[in-house]
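Got some structures for you, see below.
In what follows, chain A forms one complex with chain B and a second complex with chain C.
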Partner chain A sequence: MSEMTLLEFARGPALTWAVSIFVAGVLWRLVGVLLLRTKKDLSEPRNAATWKGLRLIALRSWPRREFLGGTVFGEVMGYTFHVGFLVALFFLVPHVLFFESVFEGLLGFDFSDVFGFAWPTLPTGVITFLSAVSLAALVAVLIHRLTNPVKRLISNFDDYLSWLLTAAPLATGMLAYAHAGGARYETLLAVHILAVQALMIWFPFGKLMHAFTIFAARGAQGMIFERKGASL
Partner chain B sequence: MSQTTVPEVRFDRQGDLSDAERVEKAMGNFVKDFGRTAAIWMESCIHCGMCAEACHFYEATKDPKYTPIWKLEPFKQAYKREYGPFAIFFRTLNLKSKVTARELEEWQQLLYDSCTVCGRCSLMCPMGIDIASLISQARHGMFHAGLVPQELYAVTERGHREGSPLGATPKVFMDRIEWLADDHEVDIPLDKAQAEVLCTMSSIEIMKYPDSVVATARIMNHLGLDWTFRTDGYEATNFGLLSGNAAWQKEMTLKLINAAVACGAKTLVLPECGHAYTALRWMGANMYGKPLPFRVLHMSEFLAEYVQNGRLRLRKLPKTATFHDPCQVSRRGGATEAPRVVLEALGVDLHEMYPTKGTNWCCGGGGGVVANSRANELRYKVFRIKMEQIDETGAELPVTSCANCRQTFDDGQAHFKWDKEMHSLLELVADNLVEEAK
Partner chain C sequence: MKHTTVGEYLRARGVSRRDFLRFCGTAASAMALPVAMAPRIAAALERARRPSVIWLPFQECTGCTESITRSHGPTIEGMIFEAISLDYQHTLQAAAGTAAEHAREQAMKDNWGKYLLIVDGSIPTGNPGYGTIAGVSNLDMLQEAAKGAAAIVALGSCAAFGGIPMARPDPTGAVPVSAIVKDKPIVNVPGCPPIPVVITGVLMQYLTFGKLPELDALGRPKAFYGQTVHDRCYRRPFYERGEFAETFDDEGARKGWCLYKLGCKGPTTYNACATVKWNDGVSFPIEAGHGCIGCSEPRFWDAGGFYRALSTGDWGTAKTVGTAVGVGVALGAAAALSARRRQQELEKKA
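And now, the complex of A and B:
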């Protein structure tokens, strides 16, 4: 397969398949759980406005002071790689161009016309720096996972594959930007796109799904506990 | 070549089911009544391991096997392989191997000996998974698989057979009421046909702390309430809940509900017992199938209510005190401030522990652990956390509002020859009633 063909493959059928598996898989997993029945709680609530418990979705974003000691490393590293990853994903110029083309091509409208402002971008140098920080944080959490007795014990295939598939788009993106190793840009770009697609394909099956389930899981605990007046 | 020694796995079995049947029953009963909420929690773990930091068993031992979410591992595995939305995918590619009876036997110790269902881990989980409720669900599976620690099984079965796990049968209860009434010269109404308030007791109080029975009577009489104990519904402990038998849990719960309905009670007062509060206050109506036609109050809530409406006036107690929050009443039950209202009325100088209230450390004896003597060694390790916490407050009086916690403290005190004795909030109130107040 020639190099351009690889890029065409990445931008063509591979993209179609990856997006299809991602969308169908996410929907299947969410619907498969959310359609399960749930029994009405007949106990007299202490707090009738149980919806107020939804504040746990925000509250649980940082541990309570009492729990901070042993978890601060995980929290800081976790936030670091998430922020770096998401900033690179949503604010790098080529990514923004891609998203805008999706808006225009699939949905048929221009982003800035509809929302009244252009999709913001950040300088590539900033993104590169954040990607490097993010990648460093990912390496740190991997080392922690391999050396911390608790994390080593509870880790499984999903944890390591999800790590690899999260790190790969960052690493290949940086390589593509740097035109590294004398390889042709098109090849590096194709590898980067394929790495993203691999992430999308695995996404619905493993723990990456927490990007969606976290809201429902926290919200459920919040509402149940709020009803009882229990600690959040 | 060096020899490795495999530590002996301690487990008990009930019945003569085959291994395959045990696995099937464990998993079937785990997912029975498995609704949307439990499923979303099962889908959400990211293996961050932070729950370990909240667990007293991990804190005391630093053994990773006590990581709360790890205690559910076979059930997580089986859920993904057999029941989750992608079960077919996990099964076909064998990404999750089939759970074995041997694994369940190994996990018995983790699910019963090293978890008090205190729910501290649930407050830590960044995904919002209520790990404690999933542990209870896993215990349903273990009970039906005949894989419960024998001592816990025995008291549960006795509770089912005799109406009380510690032998406080209706006859024994009646005799003790008579004896206590005579001995303490207090009127203790029993089996009134009609009463506004139905009081209930924990068998630990009936058998080990009978002063609590007397204290309850003194306070109720002092307040001039129309109240009673009833022999058809007095036992508030619920080992069906603790061990994982929902049918027996329901049976115990319905006794209390039916007794309250029979005497037309407007209020049912639960004793100083943690899990009794969960069983009736938060699960009772769901067992009954409709809202309860009476209020359910924990003893601390009842006392706080009468302090706040001015009918319960107390002599001042010029001492320093600290309050141990019973997990099921405070952290998971929401009645965190009630005992503090009462302590304020008692005029004690309250030295809060750190952490306190919703994140207070568990005593280590809840969830049936104190009834399971093979867990003693581990429980004592955990109890050190509690001793340090209380010693650091410098308070003279440790106080709690749970007979099970109190029993755990008394046992820990004797084991470590500790100089602190746990006190019952109820008994402190009864000892300090201002007599002229009506």
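And now, the complex of A and C:
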């Protein structure tokens, strides 16, 4: 298989399958949770406006002062790699072009025609810097996980695979940009695309699914707390 | 008068020593050699015997021949090309028919094992009748000529990688030279057409050092195909700053911004267009306002469309995504239903 064929494979059938598995898998998980029977709460609610419990989404996204000493490392590193990853994902020109093509293919409209502004992008240098910072944070949290006895004990295969599949697109993207090791760009690009596809395929089946459930779960939990009159 | 060496030939054509040395310096730099090599190149070229070259055109459009012979006025590069003893090239030679074929057979016989074979065009394998010269199929002619060749230069993307004849649906079963000849050194000089100085550079290297240049994984001379068009493109800073032309006539296009969004294949195309340029160094496609179409890469014709940005991919269609949505919802509903049943059974037991 020539190098160009590998890129064609990555951009062609591999991408179609990865997107299909990602979409089907995410919906399987979400619909599976949403259609579960919820237990009826027969107790009288302490607060009438249970929607106020949605505040928990924001509250749980910030470290609590009482636990700051123990959580600050994870919080800082977590935010660093999440922000770096998401900025690289949504603001690098080639990524934006891909999303725009999906948008246009699905809805038949140009993104800027619908929203009245062009999808903003950031220069490659900025994205590369953020990717490097993000990758460094990911390495730091992995070292922390491996050296902290409690975290090591509660970590399983899912944690390590999810880490690897999150780090791989960042690392391969940077290698492609740098033409690392004199390797051919299309080979590096194909490897990068395949790394992203591996992430997409694993996404619904492991802990990465938290991206879709975390805020809904916090909101639901907050509403239950509010109903029960618990302090947020 | 027959001039036996390249030096004699050039002097007879009025090329001065100064011009010749200047050309050797330029050629050294084009071949990625130190400029200090220029005198050695000059000395070697002067002594070099004019090699016999047999040029076989198969499924081609003559664009490669045009590129080399017509793209600029008479230059030393052109004369180097002429300095070879081109014993057979049916587009350029005066002879035709039996006389031409006889000249080819005679040249092959006289220089058996020593001649340089240049091939442009792909070779049809579907039916011998798809491509014949004097009743001989392209395939048979290539196999016979390759046996006596010292080396083969596959000139242009058709000979190097199959090119347009091999594009889907490939009606003639076209293949590149490398698919037929396995036991001879082959230099691929792809491009549609290739840059003139690249072919003369390969010939220079062969004349000067008596060997073929260093090649990349696709059999292309590294000196010319070592970097991508994107790497050396003067519009690269715009790419880095995220400044892109959105259409061919918008403000970005007028300001000379990057053509990536308009489908430029520069990032995946290895060629010297951005450095050597065309028409005696005047310009190259991106400078003229059009994105690179990736013509020096294998299967460039089928690589997803010239105006489709590299970053776009076949993520699917509304139909495939719709099917995935249906499958996902059905699986989720089935999982939830199964969980509800288990819950009910547990409640009954309790």
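Definition applied: the second predicted complex is superposed on the first by the 232 of 232 C-alpha atoms of A that agree within 3 Å, B and C clash if a C-alpha of one lies under 4 Å from a C-alpha of the other, contacts with A are read in each partner's own complex, and residues count from 1 in each chain.
To be clear about the criterion, contacts are C-beta pairs under 8 Å (C-beta built on N, C-alpha and C of every residue); 3 or more make two chains touch, one makes a residue touch a chain.
It should be emphasised that the depicted structure is a prediction, and the values quoted were computed from it without experimental measurement.
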{"item": "Simultaneous placement of chain C and chain B on chain A, clash or fit", "value": "fit"}
{"item": "Partner chain(s) touched by A:Gly78 [first = chain B, second = chain C, both, neither]", "value": "first"}
{"item": "Touching partner for A:Arg37 - first (chain B), second (chain C), both, neither", "value": "both"}
{"item": "Touched partner set for A:Trp28, first chain B, second chain C, both or neither", "value": "both"}
{"item": "First (chain B), second (chain C), both or neither touched by A:Phe115", "value": "neither"}
{"item": "Which of chain B and chain C A:Asn156 touches, first, second, both or neither", "value": "first"}
{"item": "Partner chain in contact with A:Leu106 - chain B first, chain C second, else both or neither", "value": "second"}
{"item": "Which of chain B and chain C A:Trp51 touches, first, second, both or neither", "value": "neither"}
{"item": "Touching partner for A:Phe129 - first (chain B), second (chain C), both, neither", "value": "neither"}
{"item": "Which of chain B and chain C A:Glu66 touches, first, second, both or neither", "value": "first"}
{"item": "Shortest span in Å between Cα atoms of chain B and of chain C, once chain A is used as the common reference", "value": "5"}
{"item": "Contact residues of chain A, present in both the chain B and the chain C interface", "value": "28-29, 31-37"}
{"item": "Interface residues, chain B side, partner chain A - complex", "value": "33-37, 39-41, 43-50, 52-54, 58, 62, 64-65, 67, 69-70, 73, 84-86, 89, 95, 122-130, 281-286, 288-292, 295-296, 330-336, 354-355, 357-359"}
{"item": "In the complex with chain C, residue positions of chain A that touch it", "value": "2-5, 7-8, 10-13, 15-16, 19-37, 93-95, 97-98, 101-102, 105-106, 121-125, 179, 184-186, 189, 193"}
{"item": "Residues of chain C defined as touching chain A within the complex", "value": "217-218, 228, 230-231, 239-242, 244, 260-261, 267-268, 270, 297-299, 303-304, 309-318, 320-321, 323-325, 327-329, 331-333, 335-337, 339-340, 343"}
{"item": "Residues on chain A engaged by chain B in the complex (per definition of touch)", "value": "28-29, 31-39, 41-44, 46, 56-57, 60-61, 63-64, 66-67, 69-71, 74-75, 78, 148-159, 204-205, 207, 209-210, 213-214, 216-222, 224-225, 228-232"}
